[in-house]
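Chain IDs A, B, C, D and E follow the sequence of writing; residue 1 opens each chain.
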Amino acid sequence: MKIKSFVKRFFKKYHGFNFVCGLVICGIIFLAAFIAVFHTPYGSTEMNASLKFASPSFAHIFGCDNYGRDIFSRVLEGIRNTFFIALTTVFIGTFAGIVIGAGCGYYGGRLDHVLMRVNDALFAFPSVLLALVIISLLGPSSFNVTIALGIAFIPSFARIVRSEYKKQAALDYVQSAKLMGAGDLRIIFVHILPNILPVLMSSVMIGFNNAVLAEAGLSYLGIGVQPPNASLGRMLSEAQSYIFTAPWYALFPGLMIIIMVLGFSLLSEGISENS
Amino acid sequence: MKYYIKKILYLLATLIGVSFLVYAAFEIIPGDPALSKLGTDATPEALAALRHEMGLDRPFIVRYLSWLVECFKGNFGISLSYNRPVIAMIGDKLPITITLTVLSMVFTILISVPTAVLMAKYAKRTLDRTFYVADQVFMAVPSFFLGILLTYVFGMVLHWFKPGGYISYSKDFPGFIAYLIMPSVAIAVPKCAMSVKLLRASILEEADKEYVRTAYSRGNSTMQVMYRHVLKNAMIPLVTFWGMAVADMIAGSIVVEQVFGIPGLGRILLTSISNRDYPVVEAVIVLIAFVVCVMSLIVDILYKRIDPRMKRTDED
Amino acid sequence: MLLEVKDLTIEFHDHDSPEKVVKDVDFSLDKGEILGIVGESGSGKSMTAMAIAGLLPRKKLKTFGSIFFERKDLLKIPRSELRGLQGDEISVIFQEPMTALNPTMKIGKQVEESLFIHHKDMSDGDRKKVALKWLENVEMDDPARVYDAYPHELSGGMRQRVMIAAAMVSEPKLLIADEPTTALDVTVQAEIIKLLLKINELSKVAVLFISHDLSLIRQISHNVMVMQNGVIVEKGDTDMIFESPKEEYTKRLIAAIPEVRL
Amino acid sequence: TGDKAAETPASHITIGIPQDLDDGLDPHKVNAAGTREILFNVYEGLLKYNENGELIPALAEKYEADADGLTYTFSLRQGVKFHDGSTVTADDVVYSLNRLAGKETGEPLEGALANIASVEKTDDKTVTVKLTEPDADFLSYMTDAIIPASNADPETSVIGTGPYKFVSHTPQESVELESFDDYWGEKAHIKNITLKIISNADSIVMELKGGSADMFCRITDTQVKELEGSDFNIEKGTMNLVQALYLNNKYEPFSDPKVRQAICYAIDPQEIMDYVSGGDGTEIGSAMFPAFGKYYDESLNDTYNTDIEKAKSLLKEAGYENGFEFSITVPSNYQPHVATAEVIVEEMKKIGVTAKINLVEWDTWLSETYSERNYEATVIGVDASPLTARALLDRYKSDAHNNFVNFSSPEYDAALTAALSTTDDAAQTASYKQCLEILSKEAASAYIQDLPCYVAINKKITGYKFYPLYAQDFASLSLVTE
Amino acid sequence: MEKEKLIEGKGITVRFTNYTDGKRSIKTVLEDLDIDIYKGEILGLAGESGSGKSTLAKALLGIVPLASGTIETKTKSPQMIFQDPYSSLNPAKKISWIMEEPLKLKTSLSRTERRDRVSSMLKEVGLSDEFMIRKPSELSGGQRQRICIGTALMQEPEFIIADEPVSALDVTVQAQVLDLMGRLQDEKGFTVLFISHDLRTMYNFCDRIMILKDGKIAETGIPSELYRNPKHPYTKKLLESAGIRKNETV
């Protein structure tokens, strides 16, 4: 009963074309990612020489790749990996971004100044190289790629969060909370944080999309997810060489990236529209 | 004036910070420029000799400081793999990347402004909705994927241009520009889509402001209000975005250059990273960081030019 | 009779059921007359005024009735003809002088804009002359400096004067002032009121003065109209209304004015 | 036919190359195979290789070796011109050989030539070289470039005697070559050649199809498929390298020969060839590729015919019946090796071994895997440069500096020493063959194949020749005249 | 006055640093200002916009640092009702949360007890329980202002600063809010510093009025006396503008 009324309230609050489309797309993607953890129609690394570059058919709806692997299964696995990487990346970026940005924006002063300068320097530093450094330190694995991207994302999040905190800290309700005797931590996380959520949400979504694209870019350069595991970016860059013999190999992962990014940006659009 | 001196000092500090980070990065990541040059045939003696010749046997901090001192004298060192002055190597490639960036920026602005105005004018109507969805899709396309599609469709199927047929600017300038059109479209499209989205939102936000009503009250028509009043104000937030976009485009061109076979800064950066040719990498990255910083300075100045309220600059 | 509003009804259609925010409003305004409209927040004052100025958002609402301005029904004439009147014959000044001016356009350009639109034959120099004259008329200390300034460089009171000057450059017949002093502080408020009276005197412009501050209305208007929930509760000569209000609501309003008995 | 160049004086073709000539142009200092195969057209030594891998006279008309194998006398060809127009003299030869042997600096530019005791000009057309000890491979180093003694900086002024002369180099873009009119031998047919750097492997097909390159050496079998039905002929040769899953013999499970043998039994080279090279590769069973007909022993291919059961029982014997995990480090820029590794991962699953792929940059591979030997297994191809068996087999000696697999076998060391110290050809061949047998038996690594090499050439060009070493002979190319 | 001093400020000076065109300029907003506030009184503070009224209030609470001067307070929990009703309530929270916050911080009441207190406070400020689940954006300006007052009273303060609590409201609502404040002050006996620029409103409401001009106190006095014969010309001008005194020059 309670859940039902919650759902009702939720949809009352959030509606509109963008939100619904975004929710449906993200829901399907999430479902696909979730199912791919337990089951894919074929083994995602299972090779079959007789199916090399088989074109889409009922048995293999997205066709097969240069090893005769089922592209649909790989796309599913790719969605899972990419989804996981992007999510964790954003989580790391957001979390650290909030801590740094909130501290800097709320307290201001010297520390803020110094941290923001460091932030600027990191911002000006190409993230490819940053990722390269981190991966060399930690060794390549999809987990480390995630960490590398996460760290590369911190500066931009910190910047956004900081400016939001700066704005909020100047508002009277913050003073009012201080007069009530609320501590700084409580003010930062309990009073202010909910107010920057809409901005944070939309930058999380944008960040999510950038993470998907960055992972694709890193895989393109050979430092993303390691083969034979699939990620959408990796598949896309592999597929490039076969664009003439097997256009579907590039098409499906490419479409999936577009759909995934589209879903999330619609969702973020929908959320910020409604709040 | 004092403000700009301060800004320039910050810029220098940032550049020094970035250059140090790059040096440190090369200290950390595995690989050795000497080994890279000698390859699998390297004998330990030959390696040691080459490392000495390259000055790699000195401690890290000494190398960095002497590099820094040389930099201030305007000497960015010699490429380890090409034995050429770094300045000359980058100088060769810079016009390519600059042209690419400028072209992409021009496309972005030329396309996004009228589109956004049109969408804002028909906000929430069918035209706007259609464009909006298309815009979201364009925003989601990775530029290298777009690059592949463009080469396939316009290069291989329609033969509008010759994929990989890059023509050097020193040989045939119009041909050079013509070749760069497709790549700059690939770079521009996602940025353009983002600009359209931001500008449309910004226009709609501005259109709700009171001064717009004032403008209508004087008998302006919708389009007059749009172009005479709203647009300039709506573009203010876009300036920051465009400033960042320039930096992004330079970074984004790394991958797109690969797709279209353009020997620009991106290619030099990638090969130099993999050759561990750190004087070159160092210079390219410092250059990119410089552009990023200068762009933010330009954005600052532009702000003041467009927005007369921005006289106050207490924000660090 | 300059303006005659008949059975004006305004209906919003952006929610499930249509909402009437102005209901069957009737009133008229003579040349040179100052008519005050009072009423609590949300009573439909601004909506009525905007309907006259032709500034109602057209999408989500419907208007019924008629508004005759010099015998032309503003609700029926084509958009382009209406645009010809706006800023030329009918001018508006708004409540918030802070936001009603374009922040990135020089004051001079904004003051001149009506001339620019409606008197295309005028030379730039002539336009500037007129603008400067009006900036002087609104008692600006240094019109030439103000002409080249941006809005943010002026104080609230100065901006409101600029708004008045901009509204008056084309010597309109009707000036609609929607709470022109609410955002200003007391001392400045008094000056603006004086100025409006002076201009009314000077150019015989009719003024529709909207405010929820009864003491102000009392100071400035010849006739008063009291609105509540979209209907006119009472209208008549200012002194009559204030001294012997007939309706319950008017009485309550007047009673709420803090009294100072010296 | 000697004067085809004269018939089509303005002929020009563009050849795509995968990397820039980024390690300089000093012929005595370059190492990258990609650079050497281009400079093959610009520089010549006293001798040179032909397409069969045989040494033929070049700047030396003929040579003689003493019976003790310590003195070599070279008679120079007369009237040979450098690209700058000067004539090649005995002094230039002495200068070049001394430079290579490091006689002035003490640091030989060619390690093997440290063995030279002295180089003397006997007369204007004769040069004598004395060695400190006999070296069966000495002559293969006489293919190193002869450069003018007067050239102060070979790095920037590129002056050789080859059929093509160097015109210009734009880093990361292109290299321009032009045929040399005063070449002593058969002159090149095509006047101008542009070498265009196409570093992105994915765009090769597009560039070829789009017409911005006329030829590309070493494309993959999928690229071959993509080019079907276009304006290109595909020439097929071999890469001449030893592709293997190289196992770090010091790494825990691989230190046990049984485990290494089990891996060999599990790997099916034919399956790998099917996936990676369209079935076109040549299976190899030891560290030698077929181009070395003299040493190549086809029977070694059968040492480990794929046998999953055998592999499992070997693992059991070694105490790994539940399998183990290892990672395969592969340089990400070599697509065939990455693909091979992917197939191997699947094959390992069949014997219960979990392999993971660890893609690294080429440079990281060089320093971490090759130099530091900090890896578990790697897929790579090893080539022979110079074209000697020694170059391939040296590296398995226990103490060799480039023994990156950490192979260690006293038996092998003895066999190799025997091979190197004899000047008797038959004995040497026998010893080398013994070496190869040991490598195969001990399963030093899991040898897979010699990859096929495909060259895409526009139908308007003919005359492409494969060399069993890194060399692209542009002089043999000519345009089809119809 | 025989009454006890609650707050005694001496030589209060406040400066702000401004940056214009990269140049630092220091603006003195309050200068060497003395202020005494007595227990239980309603002290009115008037002056034109920008004269430093809000700054003085914030200085008394310690939100704004003093450049020089001292402030002695005998009250532990001063409260402030901020000038802008739109920014002084946390927009992300429900009214019940906002009003419960001080109880959470300062007392150990249970959830239901807190609810009860909130509910009774809402009644006191003339709002019904249904406002509990609303967010500030769903309230009108007057309602917000009442919530602010309620939240401040929730903490049983001895001293409340009300910074122009009614200037954003229309006359009828203004009267309601002032009524409420006056009534509660009668009942609870707290001290109020009432800031406004509307001399009409202050006349009946305040016990004492202080006129602030350019960061200095121009004049202090009991309303009836102050309005009848203002000494400072600025006070006169204020009274004229408000239409309380007839303009002598006209």
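Criterion: contacts are C-beta pairs under 8 Å (C-beta built on N, C-alpha and C of every residue); 3 or more make two chains touch, one makes a residue touch a chain.
In this text the structure is predicted, and so the values were computed from the model without any measurement.
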Those chains which touch subunit D and also touch subunit B: A
Subunit A to subunit D, fewest steps along touching chains: 1
Most widely separated chain from subunit A, with each centre as the mean of CA atoms: C
Length of the line joining the C-alpha centres of subunit C and subunit E, rounded to whole Å: 33
Length of the line joining the C-alpha centres of subunit C and subunit D, rounded to whole Å: 90
Distance from subunit E to subunit B - Cα centre to Cα centre, in angstrom: 52
Whole-Å gap between the CA centroids of subunit A and subunit B: 23
Residues of subunit C engaged with two or more neighbouring chains: none
Multi-chain contact residues (two or more partners), subunit D: 202, 333, 361, 364
In the complex, subunit B residues that touch subunit C: 209-211, 213-221, 224, 229, 232-233, 236, 306-309
Subunit E partner contacts - residues on subunit C that touch it in the complex: 40-41, 156, 185-187, 189-190, 212-215, 219, 252-253, 256-260, 262
Contacting residues of subunit B [partner subunit D, same complex]: 29-32, 35-46, 49, 81-84, 89, 92-93, 151-152, 155-156, 162-166, 168, 258-261, 263, 267-268, 271, 274-276
Complex interface listing, subunit D residues touching subunit A: 201-202, 205, 220, 222-223, 225-226, 271, 274-275, 332-333, 335, 338-339, 341-343, 345-346, 356-361, 364
Subunit C residues touching subunit B - in the complex, by the definition given at the top: 53, 55, 83-88, 91-92, 94, 96, 99-105, 113-114, 117-118, 150, 152-153, 163, 166
